[in-house]
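Two complexes follow with chain A in common, the first pairing it with chain B and the second with chain C.
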Partner chain A sequence: MKEKILNILNGLRPEYDFRESANFIDEGMLDSLDVVNLVTDLEDAYGILIDGVDILPNNFSSVDSIINLLIKNGAKA
Partner chain B sequence: MKKVTSIEQLQQCIASVRNYRKGFITNFFPDPFRHSLWIEKEELSFGETGESLFLLRENSFFYSLFYVSTTLEALKSDLAFFLVKHQGDILVADVVGNQDNVAARQVFLDLGFQQYASLTRMSRINNSPATVYEKNPRIVNGSVADAGIIYELLNQYFDPLAEQIPLLEELEDFAKKNQLIVYKENGEIGGFIIYELQGKTSYLRYWLVHPEFRGKGIGSALFNELLSRSADVRRLILWVMDTNHNAINMYLHFGAEYEMMFNYVLIKRAI
Partner chain C sequence: MNLTFKHKKITGILTVLPKNEVKFEDEMSNYHFSESKALKLKVTMGYNKHHIVEDGVSVSDLCTFGLEYLFSQQLLAKDDIDALVLVTQSPDYFMPPTSSVIQGRAGLKQDIICMDINQGCTGYIIGLIQSFLLLDQPAINKVALLNADILSRKVSKKDHNSNPLIGDAASITIVEKSDSEETVHCNIKMDGTRYDALIIPAGGFRQPSTPETAVMEEDIDGNLRSKDNLVMKGDAIFNFMQTEVPPMVEEILQTAGVSKDEIDYYMFHQPNRFMLNKLADRLEVPREKMPSNVVGDFGNASGVSIPTVITYNLGDKLLTNRYKTCLAGFGVGLTWASMVVELDRLKFSSIIYY
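The block that comes next holds the complex of A and B.
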């Protein structure tokens, strides 16, 4: 799951190394426009719909937080 | 339309569209500081129609229109209904995204909007440590007092319909964060750059050299100062009007490239 998410993040913003970052939002690697695109990419990749109240920057700040978000919304680990 | 009274209320309204679980399209990208100012000034209203949420931000002589909807089909029918009640208003909507998600542009065109302008996003990737340029003593951090003058310059030289001029409070905030770089000669502001720094990314927001100060290399000096301040930055992002060839050439000269990200400014005049 981790690799798949990293691939999606890389596709979105190839200029950053997401493996090296502690917080994608604080480090400016993903902005609000990227988050909207990321939600769509994740939903397509996992065949799920992410709950609206979960679309908060903190839930996209690391691969682990994205995994938690996906599992909470029905993705299979 | 009802006034938006808090950021939480706004988030709740947006979440309710998502929770139809049919899809999600929007041109509203959360910016808590900016949107809190709009709410505080009672400039932001909302209305829910069908599966869509519409937000109107009151500007000097027009409204900025934002949509949050499930699908293009829902947007089309809900927007048509919404427009019936807003025939007397000048509405400006920005459709933003990559090639795959700017299809909403056609929905607006079909409903009588006209394309007023288009902007492209460019970025400059910093692959090596930033060069630190020689300091120009006339390039300094703008003060809170300078923010007022810059606000006037922005209103004079930028297009409010296409370039989203910030509020004075936002400019003061940039000044407090030392993100307002000004060129001063005998106390007079000859040019400025406004930028935002977020971790490894900086955003060039506005860059202006006053016409009386042009041709002296002030624009480059301001940009070099921005680059010097961006030593740890991986990516510098900016939006530019497609018709502004001088600026585009300048950005290309400084190593920026097109990002295939677009912003269409669509306008509906009052009937």
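The block that comes next holds the complex of A and C.
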């Protein structure tokens, strides 16, 4: 799951190394429009719909937080 | 707050759009992001083109043009208008009220009440509430509700949060007394503690426009704008919508005693396709019942977005059919409101171009 998410992140913002970041949002690697694109990519990749109330910056700040978000919204770990 | 109205009906809706349209692709170079990101956003958010007024065009121009069209087509008699309610956040002047300017330009009678209401994304529902209240007066039989905004003037062309989606437009909705026993249900909520989530910081009396307020500054996301420009805290607005709107809609449907299936269309304010799809999913309403095509084809013209989504998607069908609709507006204020209302064989329902 982790590698798949990193691949998606790299596809969105290839100029950044997401493995080296402690917080994608605080470090300015993902802005609010990147999050919109990321949600769409994650939904397509995992065949789920992410609840609108879960689309909060904190849920996209790290690979671990994204994994938690996906599992909460029905993705298989 | 829950409100109900009886013996009131909407009898016609006209949307007035500026002819001038700007394509998303033509503005992409203004934004601080890659072409691939922009093209992806085009699909997700529904960005395509937006209609923007030419220099010099004002709210009173669009509204007067629409009224004169209705007079010329004999869809509305000038002297039948007993009240003119204008909802706008882009008035021609601080004073006088723009509704007075329109009354004069359209040659309406003097035995009339005109008023301006400063509201935005919820402005259509607030305008309908005000119109229904006026119709309780014996002297008032017909209200012309005007919604109009030209906020593109206040959005920085280098603001990728707001510029791709902003649109200019006006609408005229005629509201009259009715013999129908159908109840119009409405609810409205406000939270002024979050007033700065969507704001034009300078240009009013608190912070007048000066050379300093016109200085362009870059935000953390690479948007360039000044204090004279509209600023939207995108994350806060998105979260507000997703948390406040679904329970409001659930509540009004329950109050009105109708199931989700009994609503033919959910005609909501049009911030962008992504937000609307998320709202539809959360409400477990088919996306086809909640059209989201206004931002992509015309832009979001604040309080005009609901009449636009109605006229664009239903148009002539409204002349002969009857639809139970749930309307919802949400945004600046912050304010959020919804209404369950039947649209029943209108006298007119169309879009014209200025």
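As a working rule, the second predicted complex is superposed on the first by the 77 of 77 C-alpha atoms of A that agree within 3 Å, B and C clash if a C-alpha of one lies under 4 Å from a C-alpha of the other, contacts with A are read in each partner's own complex, and residues count from 1 in each chain.
Going forward, a contact is a pair of C-beta atoms (placed from the backbone, for glycine too) under 8 Å apart; a residue touches a chain by one contact, two chains touch by 3 or more.
Everything numeric in this text was worked out from a predicted model, so none of it was measured.
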{"item": "Touched partner set for A:29, first chain B, second chain C, both or neither", "value": "first"}
{"item": "Chain B versus chain C as contact partner of A:52, first or second or both or neither", "value": "both"}
{"item": "Contact residues common to both interfaces of chain A (with chain B and with chain C)", "value": "28, 31-33, 36-37, 39-40, 49, 51-53, 55-56"}
{"item": "Residues on chain B engaged by chain A in the complex (per definition of touch)", "value": "11-12, 14-19, 21, 24, 26, 29-31, 96-98, 101, 123, 125, 197-202, 234-235, 261"}
{"item": "Residues of chain A defined as touching chain B within the complex", "value": "15-16, 23, 26-29, 31-33, 36-37, 39-40, 49-53, 55-56"}
{"item": "Of all residues in chain A, those that touch chain C in their complex", "value": "12, 28, 31-34, 36-37, 39-40, 49, 51-53, 55-57"}
{"item": "Of all residues in chain C, those that touch chain A in their complex", "value": "33, 37, 40-41, 44-45, 160-161, 220-222, 234-235, 238-239, 241-243, 274-275, 278-279, 281-282"}
